[in-house]
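Look for chain A in each of the two complexes below; its partner is chain B in the first and chain C in the second.
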Partner chain A sequence: MRTWKDRMRHSTRGLGFVALVLIVAAIFGALEPRFLSYVSLNGIARHMAANGLAALGLTFVVIVRKFDLSIAGVAAFCAMSMGALIAAGWPLWSVILAGLALGAVIGGISGIAISRFGLPDIVTTIAVGSIGTGLAFIYTGGRSIFQNFFTSGITDLNDAKLMGLGVSMWLLVAIYALAWFVLSRTRTGLAFYATGENPMAAHFSGIATRRFVALAYVLCAMCTVLAVLLILAESGTAETNKGANLMMPAYAGVFLGAAIMGGTSVIASFGGILLITMLLDGFALMGLPYYYSDGVVSLILLIGVLAFSDGARGTLEALRFLFWPQKPTAKGSDA
Partner chain B sequence: MGAPVLIASDVCKRFGPVQALRNVDFRLEPGEVHALLGINGAGKSTFIKILSGALQKDSGTIRIGGEDVHFRAPEDAIRAGIATVQQHPELVPDMSGLDNIFLGRETASRSLMGRIDREALEARADALLARFAVPIDLSQEVGQMSAVEREAVAILQAIAVDGIRVLILDEPTSTLTDVEREDLFALMNQLRAQGIAIIYITHQLEEVFAIADSFSVFRGGACVARMSVDEARSSGVSLADLMLGEAVGDIFPKKADPDARGDVFLEVRDLSLTHGFENVSFTAHRGEILGLFGLVGSGCDELAKSIFGVDPPDQGEIRIHGKPVSLRKPREALDAGIFLVPGDRRTEGLALSRHSLFNVPMANLRRAAGGRWGLKSRQLRSDIQRLTDQVALHPPHLNTPASGFSGGNQQKIVLAKGLYSEADIYIFVEPTVGVDIGARAKIYGLMRDLSERAAVIVVSSDCDEVHGVADRTIALHKGRHVEPESGVFSRDDLLMAGIMGKGSL
Partner chain C sequence: MTMTSTVKFAQSRPRGRKIARLTTDLWLVVAVIVVTLGIASQRPQLLDAVNIATVLKSFSIMVVMVLGLTWVIASGKIDVSFMQVAALSNMICAYALAQGWSWGGAIVVALLAGALVGLINGWLVASMRLPALIVTISTAGICASIAAALGKGTVIRIADPGPLEPLLQPALGGAVPMIVVPVLLIAAVAWFVQERLSFGRYIYALGQNEAAVRAVGVPVVKLTVILFVLSGVSSALAGILLASSLSSGQPMIGGPFLINGLTVVLLGGMMVRVGKPNILGTLTATLFIGVLFSGATLLGLPDFQRQIIQGGLLLTGLIVATIAASHHGARTAGQ
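Then we have the complex of A and B:
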């Protein structure tokens, strides 16, 4: 699908990304040697798995040019629901399936409200998210659920390793590979992108744009469920505030990745979430209080997106023009 | 005529390896309407952008009223007295015409809290309207206005600044009907009478003789000719030849042999849509191009979209290859073998920020995936390469976003998309709006080639286009179809049928 020139440009951006990751790692490593330890890297991988799944779901929504602000609420409600089912003694696999189904239903409600009935995406998902946050309290009134957690096997998702890598990381890689294949190698992927680029032209091309918008919300909610499942596995309890910390990294990862890679894609989100997770964990390790680190990472996100945006490049050009009003080589261009 | 209001000499502009303008000399007299002609890519847009401050020249001089000027931004050009109306003027649809005209300069005070003095504003508007008596209601919302009224609002907005001496109009007539065009010309005549010189870009050569005093022809980045309309008329020079640099024949392809007409591919019987059209019936055959002429508001556009399933008809029957079908959405129409080349390619046809590889297969993703799920990338690429060659996409870059092409070449991408979808009924709506003459000839030629295996329907508000390219024509007037009494429409009969609703004079 690409010419070699395009590949070059793409791989240059990719190389830049790798360089950026190495630089961030080197800086943190220099400031805090523990950052590069096995334990810390393992932690980054685990956190990246949870953050990355949420970011992947969001990637679909951003590709169809919408927003989903219900991630935290969906995560909270589904976390408590899965926790309640574990406590009720359901086998783990059925808990996961039930969680995914619940997520699909919630995502479907947002998606249909937005695509079919034309409700504004931001308002709708804030509302759905808030409802989710409220519903998270119906099981225990806000108390945490931990019964059966250690016998259910859910903690294996956090602890078990396969060839030296945590299973959660394998899960992440597998689902990203699947999403990459769908979005960049199938007609479904083309239809997703076409829906976002120009819904009218896509409709005139026979693409069921509404269906793809709704589907994006369903996939986003289901990915969010998987993300919060990993958080439950790590902490060994279900609490109503689980998932509150999923939204910011997800947005930061998707948009920083898109800014650096020049467009929203699965690969961009993967790189973006890696960078964001390294920053979050690095700051945490250095003792920066959590209430600052979100702010710092968000600031980095803004700077990153700005630095790679066309608008910023135009401003830089204008600044250059202010200092050197004319190109030294052009002759007689000024009066 | 006095001293020229604007003189450009030796203006050069280069974009990377492309020399967009080479040593352009240009002169504009006060109070003249000066047409700027040239095919897409000839450099006229670049030149206009330099005059309006959107681009900076590399070298050369521009003098306004005898003074050298150098524009770094559009504001500089406006301050020097050059106002520009873009091809698609940016107006706020929810605000009234009046508010649009004074948007951003409601008060003399520059503070954010400056109060808007409605009375003073209306007084200024009255003063403006006293100079230019446009018959439009400026208290209407722009979104409710017709195309020509919006154009008039955009022009008033441009000249509402004091000291405007030059007005640049970039293809103002491309979306106007013949009647609306006359209204615009009347406004231009008033501006001319006030001493404002107008630079006027158009692809419609007959307009040059209708409104302009003089014209310049751009070709290959240079201004190759400047003459007055009288000179051109008396010398009988062909504007199309000047633009292309070589003698061009008729831009329309040969008509089909009536004996070669094939089966009926599409039959429409008594089709109606509320607020669209009523009891429209026609047949389209393989081997011929059917022309459908109608002014804006005649229901032509609605009819085309209705057949394509965008807005399904309320009543009537559509038969494809003799079988009645019910098409509720574009997907069903595409599956039934209909492809619509939409009238507004920028919003309905293309993902502008994406390249041809993305746009061309969009209407037939099943083919792109070879009937399966995963895309057949290599096959896809070679198919698209072949199609873009076939439509003569220029420049032939598969990876350039659609927005990077001229209007004519964007239309060629839509055409390639149509070819890729392998339909056997093609409906073209306003196929050559904003398309230069070279690309137009190519597009008409492609329609003719297509008609050999498919039924081709051309829907247009350009009577000459419909008459020139189609083998058989009908007109649509106020939602009703008008057929010729004697079997075939002459050009004038077709025009009358579209404007008056009569079958013959």
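Then we have the complex of A and C:
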């Protein structure tokens, strides 16, 4: 059971996160008044929906203590596949289902290769991602697909609104709520965490750890498909480089959120991706050239991970000891 | 240390062992010869002096780029920033020359930049105990952004070909550029260090059991930092060679080298020391990939098919390595 102290610390971190988001919003709002306009906030919501879905998929993989670098490749291949199906006149729902199925198959290949056959996760997913990037060209040889896009209804995912919020944002909130429920309130979620914390102990507790690792990759690929679907809806075309910009924000969101909240979770990823999307959109609005965006995200990720790492905490403790040697260090020991 | 190379014939007589060792040591060399002959029978242009010179030039640059990476991966870490370090040093070189610097100054600054990135990577991974993937993925993004920012997103032309240019031109019968000689010399020194000095032993020991290496008193932090710095410097050197070879600084040059570099290192890890990246394997694998891609171009395969082939090769290499490692593990555990 959680003690009230745990809860207090958790909610303190949460409040700190909210404060950080508000501060960032206030700074951008002061520097560039358009940042807080309806159009801009709506744009942030739309970008956050796509980034957030990719980050959610990555959250599952990170919880089982693995990495997935195939996000860009899976996104490219599935984007072109869905584009080709739309161009072929398939109804939208079947296109989405087919895309999800394709994503699940690719994620399953990576997942089974890694969990069942023990291949190293980073390099395996890089290889799978490379194959996906190559396969994205087989439909058109690299030309973009736009036929039937406006009649298929896919753009509604981007344009339609429900109670003032975009449909994509509702999709994001619904899927995050579902994921939060599964990961924090069910036995399945506990199994994911147990698999990541200590696979051996989880195995002897009767958890099919391999199955959960594979499942994490399947879920990651399926979330990536949904993310790239929203990008297709926004641009109205399918291109081979769609989804190339999904990976860095996803990593930054997951790890920044985990660093601030003190652990990987659905809520941490949600906060992390909100912060990252605000920063990205804010800098874009202020006229920062496109080629800085990756660098900015990377820098934030690095600073965030470093600032909340054990090493940094140790340095802080050492500094405090240097200046106030008498003071008992009660806080650092339980971190 | 050589016992790792006997895999299949472990239980058989010494004579069988010898054959097995020869097979594991030389199969990639045989593959290079077979692929060369196979493609040459279809496209005799492969063995034209001009084509050989092109293959050897890109071979040299590639080897320089991944020499340091080979040891980083052998020590059980990962560095996915090497290709962007090359892009950064490439752009720094071009930028410095455009500002009126001499080639000497430009080269020194570019190398220092590579060493600095390596130092940051090494410090964050070894001292601050951050995950190597997150650290290097972030520094990669930062390097790519700085590289693009130096040229404001576009290419910087280099007017003065510089002192390295003659090295890259075909000499020795019009087929072998002089650059091959110093590159092979560096590789020979690296091979000596890896095989004969305790430094090399520590690298592989680090990959096997870091805690044990630390316990016997090896300065693990210093060693890890050195490995990352070496990786940064060697990629930076490759970036300088690219600047001279292309007579320009190309900010986007990094991307494709990621999968190339990892394929070469991991495929190379399939020979001599099975399951462990090593210098000789990296050399052979680079030659293999070089011949394969030159052949693919001559046979008229489009770029994306090469990418699929490469992903497939990387996966195959991984599968073989994993099987070999598990056989080895089972054998040592069983006896």
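As a convention for this text, the second predicted complex is superposed on the first by the 316 of 335 C-alpha atoms of A that agree within 3 Å, B and C clash if a C-alpha of one lies under 4 Å from a C-alpha of the other, contacts with A are read in each partner's own complex, and residues count from 1 in each chain.
The definition used in the following text is that a contact is a pair of C-beta atoms (placed from the backbone, for glycine too) under 8 Å apart; a residue touches a chain by one contact, two chains touch by 3 or more.
The structure presented is a predicted model; accordingly, all values stated were derived computationally and were not measured.
S.K.: For A:306, using the defined touch cut-off, is the partner it touches chain B, chain C, both, or neither? Pick first, second, both or neither.
M.R.: The second partner, chain C, only.
S.K.: Given the touch rule stated above, what does A:150 touch, chain B (first), chain C (second), both, or neither?
M.R.: Neither partner.
S.K.: Touching A:186, do we find chain B (first), chain C (second), both, or neither?
M.R.: first
S.K.: Just to be sure I read the superposition right, which of the two partners does A:201 touch: chain B = first, chain C = second, or both, or neither?
M.R.: Touch status of A:201: first partner only.
S.K.: Could you figure out whether chain B or chain C reaches more residues of chain A?
M.R.: C
S.K.: Taking the superposition as given, does A:292 touch the first partner, chain B, the second, chain C, both, or neither?
M.R.: second
S.K.: Of the residues on chain A, which ones does chain B touch that chain C also touches?
M.R.: none
S.K.: Considering only the defined contacts, which chain A positions touch chain B in the complex?
M.R.: 1-3, 5-6, 181, 185-188, 190-191, 193-194, 197-198, 200-208, 321, 325, 330-335
S.K.: Note which residues of chain A are touching chain C in the complex, please.
M.R.: For chain A paired with chain C, touching residues are 67, 69, 113, 117-120, 122-124, 126-131, 133-138, 141-142, 248, 251, 255, 289-299, 301-302, 305-306, 309-312.
S.K.: In the complex of these two chains, what residues of chain C are touching chain A?
M.R.: Interface residues on the chain C side: 78, 80, 124, 127-130, 133-135, 137-142, 144-146, 148-149, 152-153, 251, 258-259, 262, 266, 302-308, 310-312, 314-315, 318-319, 322, 326.
S.K.: Over in the complex, which chain B residues touch chain A? Could you list them?
M.R.: Result: residues 56-61, 68-70, 72, 308, 310, 329-331, 333-335, 340, 342, 347-354, 357-358, 361-363, 365-366, 368-369, 373-375, 377, 380-381, 398-399, 417 of chain B touch chain A.
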